[in-house]
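There are two complexes below, and they share chain A, which is joined by chain B in the first and by chain C in the second.
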Partner chain A sequence: MTVDYLARRIGMFVAVVFVATSLNFFMPRFTGQDPIATRLELLAAEGVTTRAEDYAALIETYNAKFGLDKPLVIQYLNYLSSAVRFDFGESITKYPTRVGELINQAMPWSIGLLVTSTLLAFVVGTLGGAVLAWQHGPKAAFELILPPFFLLAAVPYYLLGLILIWLLAFQAKILPLGGGYAPTTLPDWSDLGFLWEVFKHSLLPALSIVLASIGFWALGMRSMMITMQGEDYMLQAEAKGLTKTRAFLRYAVRNAVLPQTTALALTLPHVVSGAILVERIFGYPGVGRVLYEAITGFDYFVIQGVVYIIVLAIAFAMLVIDVIYPLLDPRISYSSS
Partner chain B sequence: MATTASTEPLTPSSSAASDTLNQAAGLWRYMKRNPSIIAGFVLLAVIILFWGFGTLMTAPEDAKDLAFAPPNKRPSFENPHPCYSSENPRELCFAYDNEERPHLLGTDRLGKDILASFSQGIPQTVMIGLIAGSLGTIVGTLLAFVAGYYGGILDAAIRFIVDTLQTIPGILILIIITIAWREVGGGEMTFIQLALIIAMLAWLGPTRVVRSQVLVMKQRSYVEMARLSGMNGPEVILKEMMPNLMPFIVANFVLAVSSAILASIGLEALGLGDFSSNTLGMMIYHNIWYGSLVNGWWWWWSPPIVVIVILFIGLFMLSRGMDEWANPRLRRRF
Partner chain C sequence: MAVDTRATGSTVNGQSQRPAMPSTVEELRSWGKGDSSLPAIDVKNLKVYYDSEAGTVKAVDDVSFTLQQGERLALVGESGCGKTTLGMALMKLTKPPGYIDGGEILLDGRDLVPLNDEEMRLARLAEIALVTQSAMNALNPVMRIEDQIFDGLIDHGIKDSKGNLRNHVYDLLQRVGLRESVGRMYPHELSGGMKQRVAIATGTSMNPKVIVADEPTSALDVVVQRQVMMTLSRVQRDTGAAVILIGHDMGLVAQFADRIGVMYAGKLVDIGTVEQIIEDPKHPYTKLLINSVPDLEEKRERLTGIPGIPPPLVDLPSGCVFAPRCPSVEDPCRVLAPANTDVGDNRHVMCHLFDLYVTMAGSEVG
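== the complex of A and B ==
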């Protein structure tokens, strides 16, 4: 590994994060929406009435409070400094809750649900796809089981979610309709009964993600395995008299799993935001819902905070892959890129 | 493809006809070896037949909502659910009065005939996919050729923009742009505008994929040959590389249409669609909004889901089949 390559790659990382975070600052402002007016409308809807002469003063107070009265350049610089410090101040619509607090509350829900179900789908799908391409394995059984999953992979998560809600929650009444936990219970993470509640509530959204993505991983793995089987080293493994299982596991699967892992690393951060719709349909209290509420309420600081975390995660995952990949796969050299 | 033989001036017309026949037979023989393409076409044909059936059996005004209902059927403060009765199962409400046409799939809470909604909504959704998909493919392919063929600073710039934009989750950018656009239009947005918004990001994927193919193809001997024999850049791209990459680009176009439709349904389901349209995504939105699942109105929520699933699976099979056609190495063991 050359220092030059590493320096160039880290420079790229910084540049990507910088441009993406800048877009993140300017895009919500291009909407021309007034977050303060939105907040006041919300207050009005809650029954807080304001006299006309107070209204202007109120808007001024809020604008000063959130620094929205300053020139755009100053706001931008403030924003950059807050991004470096990981402190995005207070939410506008949920004042005085801090943005960090909102994200911290939602993150465990999202990571618990999405990462678990994505990993589960990845493992099952990759194994299934590998066996499907292996001529000496229990291929026939998998040829019956997997094709329906290929078709499910073409269906959006949330539609599958709707069908599952109807089947398992509405008709069979085995699982709850939505939410993170039953509205009648208090969140208490040391209580086993509460944990069971949380588990039951996460089953339906998790199931819709797993069912819809197994096929995606299986298809990727299968075509990768087919490419591997044409390689010379597979012929060599056979010529050396290795057992079929050993050639399959150590030669074909070992090589085919590399691009799969890359795809997984790139998918994981997207999962957080990609599940906006799943979280909305199931009323699940994760980051996707925080983001959706922030966007519809024009809560600049929350949007900035959430998007910044996601951008950082994706850019970092790409950096790690680019740096580690040549170590995992000697065929790829640092100089070629 | 089959008509090229008949436009050849030197070929006698009788053999032109048999040429066409031969080509058609060859195409058919190939299709038989590629069941994915057939399955894709069949599923899309099912959608077209369903649309045709709906168009024959209903009139456009059957898809009008309650705003067009006679005053006694319109919801008011005294009578919020004017046509809600348990007498007619599968008919929640109907805005437009007619005696001669039965509601084959029932009616919804908005006062629309469900079959009539489909005969309007299917072309609208397909239109969104075609507009965004073709704009994305055309712009993406152009950028990919410029970046891949010429390289240098242009390539670096295009790659940087694509990498950066792909780092931010696409649906998020689309949500923000859509909200901004609606604000500019005074809260109104047509489904064509939605398609244009989706097209703003639809070029990212094609640019990335086609560029890597261009890089590989640039090394081929026939491209070098063309360059050495004095062809300039645009000539090499148009005459040598484009025809060879066409199958690949077409296969990618199907994928682009499919992901544009996916994005549009996602935005619409979140409530960011064209409320005057009947697109498949708006049907999903209204179903979520009125809670048709928990109300047991299965005849309302199930048809859009079935149509969307058939549409996506059809496009998916088609793109897989075309991938195989574009990249014969995949054919071996399928």
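== the complex of A and C ==
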């Protein structure tokens, strides 16, 4: 029954989150790298020197401060309880900024950029792929337009990003080189000028993601559509004298879009992690950059926070797919396991 | 946009006006029950070829036959002899690399071959319908059964209330022995036999003149096969549609059909009433077929046990296509192809034993 089904899915969700979160705790600790030492090395690199006897004391203070002197089990339990409370303490590298604050600041940037560009690429790519595979459609136009996108799909989007920067920002100077907004402006979300600024800055990263992924969606959809056209119900649709539009939309696309939807649902949660490379190249202030800096600085707590959010988002997306899919595909019923 | 042939009727080849297409369920009931002086379908010299790397595959080669209103014709022949190709061509559903190379398909007097896409689309289901070999997968998995039947009606201009449409679908389902509730179900909830019944209900939803049923029972087990054949038989009687039943199984089709057409290597080599074909097989291939069914009452016998294999359809022998396997082969057979000969009683045979050539040459006939 439906309640039973939901209960099982939610149980699954909790299990997935628990396992992934635990891995998230243990994995960085098993690399054998010491975050405090890394932090001090960074400080040293910035010219802050420490005398040898102070060095040991300093490490001890830091370890105590971040709870890293406690036995692993205790650390683990603390970590679990902080995960439940969404409180990941303070960043090691950006002390005393709290991890939650870092993530909160970066999240809207990533979600805004990536959700928009992912959805745009999905819609355009899926439609294009569908039309391309449909022998009755306005094929000629798409046959000219889409193949370049198949090519672009093979180019990593960060490379595409670099090319775009060079072309549009460096050579043509139409768009800004990077950042979320001009360094001279003060962020004010109620100011139209600032919004325009944000939009202009997001165009290049968005373009590099959209251009690189339209081909991916189009290829997937096209091959699904070709498979669908071999199906007997497509022949039957034609034998029933259906209009081409109806056969296309309600028979071919309707079926071919099912696996596309699954792929989309699994792609979207990655939005919260940001597109690390794109954000890095464009100096975009999103979660990807936070994560990148945390990894290079070996900032346990920030890594844990970001990864935890990613895990939650993915598990949640899977839960949503499981709940929604039976509505899209009657063959998947709530009663089957 | 599409030419609306509903209001004006088609005047292809200067023929008389066709009756307007029905626009309500009520009008649908009398649709298709018109003037029965014309044959339901009259196929003349139909050629359907496939272009392949090895050459042109002549899958249907110069086939002619006539089917009266309400008549049931069974097409039999070994696998690959062109039965499905013929059936699909009658619906004009031939797909590349296949194409109709020539001939006429007169449906109720109108030739389908020159029709444009839109005219042909309207003719499908409303005048000629298909029940496929693989009704197992012939239903859209994500749509309810009734919606899939509505689709066809709506796209043929039936503009009626949801209630009337639904009642019509219930009638159709009942006629094929299904409960009304099947209308609200999805394909995966049905058994193979039920799906095949749905296919028959769909095919008859607009009272077409002709139904092409391509091995409608081959995917089913024997008991269900018989039930579905009986359903098809009953529906045929109810609607008065002419049926072209394609099948392997001489025993099964003989029970259903009025006439039998025997195909060999793309040619219709023998056609006559069931009695004529079974009691008095004329073409040597038909004789072998009949003999290979030890007891016609035993329904499951397949067409096996004829020595030799069918020729590749790209590289047909120059004379009679059956010559390499024919027990009665004579020298002229290898040189000259036999013509389609009317041997009386509307019985047609394609063999030198019955045509003028051998008779003139003084060989024995019979």
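As a working rule, the second predicted complex is superposed on the first by the 301 of 337 C-alpha atoms of A that agree within 3 Å, B and C clash if a C-alpha of one lies under 4 Å from a C-alpha of the other, contacts with A are read in each partner's own complex, and residues count from 1 in each chain.
Assume a residue touches a chain if its C-beta (ideal position, glycine included) is under 8 Å from a C-beta of that chain, and two chains touch if they have at least 3 such contacts.
Just so you know, these numbers come straight off a predicted model, no measurement behind them.
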- Message: Quick check on the superposition: with chain A as the shared anchor, is it clash or fit for chain B versus chain C?
- Response: fit
- Message: Just checking: does A:Asp329 make contact with chain B only, chain C only, both, or neither of them? Give me first, second, both or neither.
- Response: second
- What is the contact status of A:Ile309 with respect to chain B (first) and chain C (second): first, second, both, or neither? neither
- Query: Should A:Ala83 be classified as contacting the first partner (chain B), the second (chain C), both, or neither?
  - Reply: neither
- Counting only touches as set out at the top, which of chain B and chain C does A:Glu238 meet: first, second, both, neither? second
- Partner, of chain C and chain B, that touches more residues belonging to chain A: B
- Item | Which of chain B and chain C A:Val257 touches, first, second, both or neither | neither
- Counting only touches as set out at the top, which of chain B and chain C does A:Ala218 meet: first, second, both, neither? neither
- Query: Should A:Leu319 be classified as contacting the first partner (chain B), the second (chain C), both, or neither?
  - Reply: neither
- Overlay on chain A, chain C to chain B nearest C-alpha distance, Å: 10
- Query: Can you list the residues of chain A that touch chain B in one structure and chain C in the other?
  - Reply: none
- Message: So in the complex, the part of chain A that touches chain B is made up of which residues?
- Response: 12, 15-17, 19-20, 23-24, 27-28, 30-33, 133, 151, 153-156, 158-159, 162-163, 165-166, 170, 177, 223, 226-227, 229-230, 270, 273-274, 276-277, 280-281, 291-292, 295-296, 303, 307, 310-311, 314-315, 318
- Query: Which of the residues in chain A come into contact with chain C in the complex?
  - Reply: 231-233, 235-243, 246, 250-251, 254-255, 258, 328-331
- Item | Touch list for chain C against partner chain A, complex | 91, 93, 121-126, 129-130, 132, 134-143, 151-152, 155-156, 186, 188, 199, 202
- Would you tell me which residues of chain B are touching chain A in their complex? 160, 163-164, 167-169, 171-173, 175-177, 179-180, 183-184, 258, 262, 265-266, 269-270, 284, 287-288, 293-294, 296, 298, 301, 305, 308-309, 312-313, 315-316, 329-330, 332-333
